[in-house]
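Next, two complexes with chain A in common: one pairs it with chain B, the other with chain C.
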Partner chain A sequence: MRCDQAAERLSHELDGEVDDREATALEAHIASCSACRAFRDTSLRVRQHLRFEVLSHVPDVEPRVQATVARPMPRARWRWLAPAAAVVAGIVAGAAFIGLRTTGGPDVAAANLSGPVLSAQRRVDALVAQLRVTERGWHPDVPVRSYAGHIDYRAPESIAIDLVDDTKYPSTAWKPNNVATVVSQGTDWRSGPAACPRESQPSCTPAAPRVLASVDREPFPDAEPAPLDLVVPVRSLAGGGDQTLLGSRRVAGRSAIGVQVTAAQVEPLLAGLVQTGNWRELYPSDRVELWLDRESFVPLDLKVFPARSAERERWAAHRGYSDNPRAPVLEIALDDIRLDQAPAADAFPAPPPGAVTRSLGFRELPVDQVAVPDPGWLPPEMAPYRAGLVQTPNGPTVTERTWSDGRAWIKVRETHDWTGDRLFGDLGDAVRRIDSGAAGTVYSGDGGRRIAIHGAGVDAAVSGSLGGDDLLRVATSLGIAGEPAPPTWAEASLVTGPGAAHALPGLLMPERIGGFGKPAVRVDGDAVTLTYTGAGAREFVLVQTRGTALAPPVEIDTRGVDVRGRIGRYSPDRGELEWVERGATFSIRSQSLSLSELLRIAAHLEPV
Partner chain B sequence: MAAEAPRGVRVQEPDPRVIRAAADHDQAAFGEIVRAYQAHVWRFLRHLLNDDALAEDLTQETFIRIYRKLHTFQFRSKFSTWVFNVARNAGTDELRSQRRRARLVDALATTPPPSRDPSLRVEVEEAVATLTPTLRETLLLVELFGFTYRETAEALGIPEGTAKRRVFDARKQLARELTEKGEAGAM
Partner chain C sequence: MRRAAVLAAAAALGILVGAIATAAIQDSSGAPPAAPERRVKEVPVPEPDEHVLLVWTSGGMPADFADRVAALPGVARVTAARGDLVNLTASFAADGRTVDSPAPGYTIPIDALAFDPQSYAPFFDGAAQAQLRALPPGQALLGATSAELRRLGSGGVVQLGNGAQVTVAGVVDDEVVGAAELVVDMTTAPAVGIETVRFLLVAYSGDRPEVERSIAALVPDAAVRFRGRGETPYLRHGDAVLPQALIKARFGEFAYRPSSGRDVLEDPAWPQENIVTEAVPILGRITCHRAVLPAIEGAMRELEERNLAALVDPSGYQGCWVPSIITPGGGVSRHSWGVALDLNFSNNPTGLASAVDPRLIEVMDRWGFISGANYLVPDPGHFEYLHPPRT
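Presenting the complex of A and B:
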């Protein structure tokens, strides 16, 4: 046995990976090899220290972690575990079709849907419809599953979705994936089989469904999509720039227009019920064909097709999926649509007996007992809706008021004991600093869907289902003088575009890339970070810093790519494209965009 | 006689019911998970980053990430390997951030200057700090927690053979470092 071979086998032996026979051979080698003996002794010494080290102090982070997570959670931007039921929720939308303006001549196949969709949400009072769902590739033994069900919606805060799994399973050992979700103002509950590893199916699925209920639910909570978010595709289409149009045709007996988007873009439609039931996963770049009713703007039909890329194939292989690129992995069709027909009186039942129930800490109060300032401006027809107080263990006391026109909504929250180290209001990572003139400094996050103001002794946040301009106008009319975030807060290093160019001369920014708003800009030394958000969960982060070489790659599967005529590299795990150009290192990172989209963004970078 | 190969204290797996309850925002269940893993995560991060205070901050960050991602845990892997994958990503993000902020590309990939402190603890920790982040994180999972190569590969998202090779490469480098130091100290 050669010395280098022996050392490697000794390493394996330390980790219990050699058999007795080989161990005997290694002992014989060590007896006559001082180098290998030293290798083993040193390795054991390192192990002895690391594995049995004596620690005089181990921090207890639990109180701080609990205090942080007890605060209202930001809406999940990226959840892909069980989206199909949520897609079902999202396929329902209603609106008068108020004029789709295409972006060019008669042959163009693109249109901006922001205006029509934002208007649409203010026109639906109620809806009742039937649903059909087909899911492919969930399990090798059950290649296709089908569901039938119905949906009932009453604006602004009641929805019920019920899906019955009518799949013919190989045996009775398989449990049907029946799911139900009900939201009715201050209460919600959902029922479905608990998630369980695919390779352990069917035995691991419990016989009884899991039923979880929440009471004391605040109006339009941040952590979960409000019913309106589920029924109107505002977040999926507003702010998304020009959408690719598929044309017009009849769907379910109605005149429809089609748009092509990605699964990432319709993520808000997927986010509602992801913790209910056992569903297959979707890939962010999967292609989605969405057909909307031309008259009412109701999505009538949605199909998700596997994206065609090496990364997608790798993702599928890792999960054991063998998807056919031509067959939709998920199909949802809406039928027998009755808009503005009131749901039945028992359409939103109370949680069933035995539901595991938790309180979300909201206490409803008369509006005059809630000390939230009246906005100086509100959109037309907005009237006071619910108001109250949220108190959670270790969290601040938050007062809040909401306004609604019966469909759309606005919420203002305020606290006087905010102790966080970032802005109140869960603005996310892509936060823009805005100088609003008389109202001082305000901050916009989540693609303009949340506004935060930090004032003297007060922190306020505005959110809602309306456009970002309306929310900003409400926020700046609250009478709070906005101050810059304190130096120790995460948002302290936010600057405007010119500030970034000053920090890093030669800064490049993407030009002519539709579908993304203005970036959030952060400067740390000579590193400039630009965060862009688009419709749904589409986002990317561009980082530039002075440098002439990239750091060593962290991931094993990093590979070389051609970027802007230079050799760069791409890590599928991190969704990160990196290269060096003109004395600066560049990184574009995204969990929702494909490599080809990142390369397209890179190609459009131009000096500021 | 075969080499002594102590396996140490293995990281325990929590009851799946506790994981499910925590995923459903049961604070008590989540607290149980934090208490069970925080010392392990902190030890891993302090060796990975060579900075106790930073490790404490990132331990906190790791559990906040875990809380927000718990609903995505599908029981396809052991819970402990999933937890260390989250911790490793938090640590890696920090390393990359440091690289960008301070352009410490070379320094990070190599080592802080060796000291002459004669204690074994400092000597071993300094030697571990000379490893590249990639080798360091792989070795730490095996040595700190007794992860098998398969579990280590799962936690890091790499092939099992790669994990095996990295552990060997790390040990080779440590043996060289510690031997040289021992010889220098004896002079």
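Presenting the complex of A and C:
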């Protein structure tokens, strides 16, 4: 058995997926390989530290290992055999050590990071660090770009990111992609080059940066969120189910754990960095190796590698990228990290002169002057933060209060003059109706990150960086008797799983798929739409309707694929997998999941 | 003791060699590539039972055209779509917050379509079909590109210049709504200001040329364009050019107000950031969008280098950035973005057959500009941005 095989089987063993024969071979190898022993011990420590859910019993291999070690080894016939074997063993051990230490090795274990990351955000009050970014493949004439800068953060929402492009460009015609983002309470601004198509570079990029500023900014706005996932990746990891662990090692002088995710999952983190300026695109299924500080979960190092699939190659070809699958297309690294050290007084500067500025309509008020129902329950140590009023010319008057205990936050908004024809609170498309008992009917959207309540003469919304259960508890403690959405509202057609099965007998729903919450279920005639939301930008929509044939494809470049033993069709640009089964047409659609993942979901469909 | 020392030294040497070699390999390769995704079992692409044809005529079509086409042999189903330009005066997010608010007197031009959800939806597959069928009166769907431009999702509100206000019911793929920016059902169309019947989608079985001949015979005085799936990215009228939403996504969006005749005045902030004047070979100084100037310069340089400069008469250059609409009440000219240019115009007025040398068309196409020579109403001197240069 080689070390890489041993590492892989160790991973399976930790998941309880190794049979006795494999376990024996594995133990024999571990007994003779110090690097693999160290690797196993590290994996076990990582798991224990994260307190992840043990999927099943992990066999106690220690007695058998000891027995194997104690077994006398046969004596070699030739004198040189032992030194030669020592050299070979040393090479293997050295290679394995370096290999495992620096890359984390193949999939080694899985852990649910939701709890740890939600909890860790409450311990981070400040962050000051140097930032280093490397970008590959942006332009054929500039294969690699590099940036240096810093990140400053002060809880709960003041953040400044400044990146200076230190790339050596082919000529002075190229303008550096210097970017800055500053969010500080009621103001935010972003500076960077105006957008310019890649093929028109370098001459089309204006010499002067474009600076956009917003004032009268409400705390934690949905529309222009501060890039807080760069501090603790709550949106990227919470609700993501079991994550593949890469192991643990030291990064930037800190003890770190690694996880393997996709670019779609860490989209909130990446978007915070590339929200202004000209950057290359990333494919949603690109593999991301993310190393997090073991204690605070601050991202220390992130590398994005090209996914390996026909769809990814097609996507790259359309954009003119020729990516090397072995080289990360984007690297982000923090260094000189000072956690909980207050940023400098001038860390969050005002917008530079000449910024195009607009008002977002928020008026800050003392907390005691803002009439918002007090939650009967708040998580411990949550202290009042900002409060105020949002008044826009054609919108309702909205009062809001916020609470925070560090990076974590909760916001409650309320209005008495809501005239919209759907729920107040901008829950998005994936909305779930929840019967909360005494508090009546409430609605959950955005993967549980937003809760809405429609009551008699009042509409309220709760949002925050906490887990969905905590937000629901806050919402149901507001003292508002939640009523079902009126029949004319969009949410009136929301049902539960059994309700959907009644509308479409024979309804299939996926079983045992990790990383996605309960679906939002909507019935339109005989069409049932189930929307699943996961961490970051991961989502998929499953539509079932009566029918015996698929409509002609929208895309011409479709692929025929085997789905559940039937002939199906995949449209790569739209990310849609379709087939016909038992008198119904099925569509699973996602812009963030690969075809392999869609097929896996299809394979897990079972009757409700 | 000596033997133990030898073994230890050998092992240390091995560890050193292995570590250095592995580190060297990793340094040279970055990191192991992602594992290939799980193998997908390929099967033949399922054949649809029927085929789809896009049918449109320039300037609209008779109101009863769809019914007459539906009665033709071989035609299984027909749906008609209306389309016009409407003007956005404000937009609001689902929580009432103002998103777009053009300066007083200015509006944002929006490419809008209307259809009958029940007859239009079956032309599209799975997820899209459910969304299209579910569009209620008084609400709107946004194409995906439009939703990004508008920064709106479900529950957002679009307010129009005629006082109409529609709530966003959802966001759909560009491909299923011809990349339109705003889509409403037929009953809502009059209130929004959408009147002109623009195109038909026809489901047919059997011989395509025969179906085309039958349809064309219904309007003998009009030129009719037929497209099948795969022959055009967007099933809509004016399919030869990029839909307005995609032009906006690439080159930016402006607010404008009427000026005289077909001319419009753009919000000054937009041309200030995007329109530049530079000298290019053959034409001299021209004023265009900064993102297409390199391609125009490349095309003119190629003509010079191939001794084809004589194909362009500098005195026939009629401009690039000319803020205007195509016809009163019609679409926004791509000249408004500074991404189209009129060449040799004295010899090639709109509506006449092409007198443009095919070598000029070929060079301009390579640099990303489609010639209007093959438009349904030919505009042979007109070259308009369509795609990135193929160089």
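Everything below uses one rule, namely that the second predicted complex is superposed on the first by the 488 of 608 C-alpha atoms of A that agree within 3 Å, B and C clash if a C-alpha of one lies under 4 Å from a C-alpha of the other, contacts with A are read in each partner's own complex, and residues count from 1 in each chain.
What we mean here is this: a residue touches a chain if its C-beta (ideal position, glycine included) is under 8 Å from a C-beta of that chain, and two chains touch if they have at least 3 such contacts.
None of the values given here were measured: they were computed from a predicted structure.
Q: Would you sort A:569 into first (chain B), second (chain C), both or neither based on which partner it touches?
A: second
Q: Have a look at where A:119 lands relative to chain B and chain C in the superposition and call it first, second, both or neither.
A: neither
Q: Touching A:212, do we find chain B (first), chain C (second), both, or neither?
A: A:212 contacts chain B only, not chain C.
Q: Does the superposition put A:390 against chain B (first), chain C (second), both, or neither?
A: The second partner, chain C, only.
Q: One more residue to check, A:586. First (chain B), second (chain C), both or neither?
A: So A:586 only meets chain C here.
Q: Applying the document's definition of touching, compare chain B and chain C: which contacts more of chain A?
A: C
Q: For A:203, is the partner it touches chain B (first), chain C (second), both, or none of the two (neither)?
A: Only chain C is touched by A:203; chain B is not.
Q: Scan A:476 for contacts with chain B and chain C and give back first, second, both or neither.
A: Touch status of A:476: no partner.
Q: Contacts for A:546 in the overlay, against chain B (first) and chain C (second): which applies, first, second, both or neither?
A: Once the two structures are laid over each other on A, A:546 reaches chain B alone.
Q: Under the contact definition given at the top, report the residues of chain A touching chain B in one complex and chain C in the other.
A: Dual-contact residues (chain A): 194-200, 204, 210, 356, 393, 524-525, 527, 543, 545, 549-552, 554-556, 573, 585.
Q: Would you pull the chain A residues touching chain C in the complex into a rising list?
A: Residues 82-84, 86-99, 102-103, 106, 194-200, 203-204, 206, 210, 222-223, 285-287, 289, 303, 305-309, 320, 324-328, 356, 360-361, 390, 392-396, 398, 413, 415, 418, 420-429, 461, 490, 493, 522, 524-525, 527, 529, 541, 543, 545, 549-562, 567-569, 571, 573-574, 576, 578, 585-587, 589, 594-596, 599-600 of chain A touch chain C in their complex.
Q: Show which residues of chain C lie in contact with chain A when the two form their complex.
A: 3, 6-8, 10-23, 26, 29-38, 40-46, 48-52, 90, 92-99, 101, 122-130, 133-134, 139, 151, 153-155, 157, 159, 167, 169-171, 173, 175-176, 203, 229-230, 250, 252, 269, 273-274, 290-295, 388-389
Q: Mind pulling up the chain B residues that touch chain A in the complex?
A: 1-9, 20, 23-27, 30-31, 34-35, 38-39, 42-43, 47, 56, 59-60, 63-64, 67-68, 71-72, 74-76, 92, 95-96, 99-103, 105, 108-109, 120-121, 124, 127-128, 132-134, 140, 142-144, 146, 148-149, 157-159, 162, 164, 167-168, 171-172, 174-175, 178-179
Q: In the complex, go through chain A and note every residue touching chain B.
A: 7-8, 10-17, 20, 23, 26-27, 38-40, 42-53, 55, 58-62, 64-66, 68-70, 73, 76, 79-81, 194-200, 204, 210, 212, 274-275, 356, 358, 393, 524-525, 527, 543, 545-547, 549-552, 554-556, 573, 585
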